[in-house]
């Protein structure tokens, strides 16, 4: 299937991402980035895009998009097998943004990979835009399933993992959860089922940014001990610094060697990471930057 | 038509599903620890690798079904109607219907004829819950023949479908060779010009019996099988309203939100005539034998007859 | 009436709830990590010992509320409408409504004026989901005054109540000193004999504006505030049908299963006349500014006016 | 509040249960049974009643009622503070049958305690009976809340525990879960919340009979390691033989000393316990005894 904007995408400038896009369109594999500096630079640009698009949208989720940025960059640029020019490529790996409110981060990454033009980003959340407030699979290429209602993504990811296992093409499925999100019981239903069915092609990442809407997770509804919980539910569990590319890439690599059970990477992050005024502030969960905050963020993140 | 032989819509579902499993390797089946009741056990035994028992976890079952659909499979997910549509409503809404995913939900134990298990287990809101969802097709077969046709159709159709089956067997109504399911189409089972009786599921049979009772009193009832609750055959409803000037709806479901509600929406929108809604009138179910409950809730042919007389009377009043 | 001042129904809920907390020590409040949006934060700050944030766990919140009611408390449970009624539907059904427990559910973010968050967050099925439950009272206040009256009434009433509030503020419609909430009663906001416009919530305001537009074309519209969706003021509906011969329903909700559906049930049961239903026509919501969405989904005064003209035309047709 | 049948109950014969009923009606406390032989005899009679009522009803849940019998007898006769003549006595302890399909066991126990006449039992599940197929609080005295849809009871129990804690009368709340039932995510939501709110007046009992409807728990959906799961969710966890009264009573006693967290007793049981042909047989989950099985059961259980 060819997306209408595919040609348009191909006509875009030829920086590294576009080259990868071309490569991806031409071979079955594409070369992953593993260089920390390159990944950091991409993450900086993605953060810059996120702030930009939220500022334009005047609403949206700043904190949880920025805490998840490095995880998404590591996954999409360093790990997953995808063809941005062919979003429904049958051999692709899958990514499900279970914490759907971090849509800006996902959109920024998808745009940079060439799933759709970066110009679209600034129409986030506007009427008629294909970039809905929460991921909508029917509108946005690269979005595998609609999310936004928390707690549902792990079940879907498990279903995809079971499905592709039946197909036997060795694809892997990734899903990103919020730490507040694990308060949803459906997450534990899915955790139990994924272990029961030994779906070892499934990797969950938990964005452990210690905040949810109403405050610190331990004030709102305690979720610790997380490692003990996931291990008791039969998962291979790792912990990393969610802002360290070497740690993230190593963890994703390690998951491949744990067979017979699903893996979860508990990624310790800072909500709002990358812009000092947003960092670890409960207030910036669901508000967009003001003009002043936007200027400040631009100064910190630099230009695109 | 053959009134003597009885078939269970849930058993026929189970059998045709196993059959379809043979024909199409993309079909996968999920259940939530009720495969013996929903009858997915036939499929489970035949295709253990394509059967996923999710345990007592209806939400996860629906989400997993959505994922299997994303991966290109054709999932059928089954449990009791109350748990399928109630416990997992938001999963069906957000993970399935919102993305228009190719998931089939076939739920057993709709209605009060569930019997002894009582109010907690009688799914009498499922049609309302599924009807409000965009993209969702909502079906209630009236016999085994229609069940098989609908399930086969659903497997070929691309999009979400809800089918309600029943615990109790019904008489066989249709002919296997001539019955053909068409989305959005109802059937006229009997012609008549005085009043229209429109039912689904078991109540289609009760409508036919009521039509006999009415005939004995000189009233000619048109009987419709509106097994396709959504999209509803509104043209047939309007045509019947024009022809007969009064209707009775009959369903093993709340009179709120289900078939009767759908018909009243169509009537007020296109051709307002009197409608009497037979169904559960805003109370929960009870334990008891199916026949006691049908009587208690006023769902028998005699109740339909009385409603029809009332509808006919109202028609005259306003002329 | 005072069209200029605006109040938010959710903020007024939050404030009166804190006030009621002072008056009645049995009132306890639950939220699911949205206390800043639902506005239970006022209560949380004033009565931390009687406030339970259940985290992102709507099912458990409803079950816990049921338990608190069993223990004699008067629990108010709040989250967004889609999660309250959708994620926790079966808990509300089995643990609350089936046992007729004294739980109040006050859900914010009903309708499409939720805006930018998009389809996954716009609760446009909540009235259908709650209306099908026996024992449940379903309310949609049209302004801050009515919100305060309803919440105060709910705290005193013994049984389950669902109240929908909105993200956007509405103009103030009622007078604090004279407004009095009576269960099962609607209000006539404007008299007229050509057509009836019946709305709830924001759409009441749009009905009033539409009545102005219609008046300019020489059509006198009767305007109803049917803020009590269940039990519906069917006598007022029938009286209006008799008087005006045609109706328009208007709601920020699916045209399936909600207010329009309830009115159509009443009309076909008692006095069948044309009804045009204004609401979301079987599609999911979208991201965008509230005003874009109201326009896109045809929920503006002008749309109501057009529907009224159509209803009036249909009335003439059939005479 | 006086139940209409209270006087009738009081007129019943004067065996030990009726005496306790009288005692309960007259003092704020009643003397609990701790004698193993007495409890065993009660349990035998309760099992006898269960078989009898299911046989008459011709449908219902045999296996899970019999596995739970000793637990219920220990609780209701040996632990809980109740007034059978005043089911809504404001100072009572609470019991929630989360695995609602074991209603026959609960009804048999309630009837023996005098909550309603034992004659009623044989109208289980019949039209017009107050003994619904699953517990219905509006019909049956002693039933605190309607259950039957699995996974909901622990939330309700937590709510009651929070409520009575606010009242400060030191009441305790007990709830019985099935082992298959813990596959419901809502159970884990409630588990998390009960630990977060430190409701130490709450005791859950898990009827670990290793069977659910479709088979062994480990074949249908693995739930082990149960102890690790509950501990990771912050619960004080004990394991007992669910058919040993000394062990059960000791465990209920022990729970009182664990403050600051809720307790769960994992009671290892045999589904269908007490009637050899029903024991550990998946088949007898949800079917009533046939005439032949009924005769056999009567022979094993003896007369009432």
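Per-chain residue numbering starts at 1, and chain names A, B, C and D are given in the order in which the chains are listed.
Note that in this section a residue touches a chain if its C-beta (ideal position, glycine included) is under 8 Å from a C-beta of that chain, and two chains touch if they have at least 3 such contacts.
Only a predicted model underlies this, so the values are computations on that prediction, with no experimental measurement involved.
Undergrad: Any chains in contact with both chain A and chain D?
TA: In this structure, the chains that contact chain D and also chain A are B, C.
Undergrad: So, comparing C-alpha centroids, which chain is the farthest one from chain C?
TA: D
Undergrad: Whole-Å distance, chain B centre to chain D centre, using C-alpha means?
TA: About 36 Å separates the centre of chain B from that of chain D.
Undergrad: Roughly how far is chain A from chain B, going centre to centre by Cα mean, in whole Å?
TA: 41
Undergrad: Quick check on chain A: which residues sit in contact with 2+ other chains?
TA: Residues 136, 146-149, 183-186, 189, 192-193, 196, 221 of chain A each touch two or more of the other chains.
Undergrad: Hey, what residues on chain B touch two or more of the other chains?
TA: Expected reply: 54-55, 57, 59-60, 82-83, 87, 90, 94, 98, 119-120.
Undergrad: Sort the chain contact graph into one of these: line, ring, star, complete or other.
TA: Topology of the interface graph: complete, with all chain pairs in contact.
Undergrad: Please name which positions on chain D make contact with chain C in the complex.
TA: It comes out as residues 90, 94, 136-138, 144-149, 152-164, 166-167, 185-186, 189-190, 192-193, 196-197.
Undergrad: Could you list, by residue number, the parts of chain B that touch chain C in their complex?
TA: 82-83, 86-87, 89-90, 93-94, 97-98, 119-120, 125, 128-129, 131-134, 254-257, 260-265, 267-269, 272-277, 282-284, 318
Undergrad: Which of the residues in chain B end up touching chain A in this complex?
TA: By the definition above, chain B touches chain A via 28, 49-50, 52, 54-55, 57, 59-60, 62-73, 75, 90-91, 94-95, 98-101.
Undergrad: Considering the complex alone, what residue numbers of chain D touch chain A?
TA: Against chain A, the touching part of chain D is residues 183-189, 192-193, 195-196, 221-223, 225, 228-229, 231-234.
Undergrad: Under the stated contact criterion, what part of chain C meets chain A in this complex?
TA: So the residues of chain C touching chain A come out as 31, 33-37, 53-57, 59-60, 82-83, 87, 115-121, 286-289, 292-293, 296.
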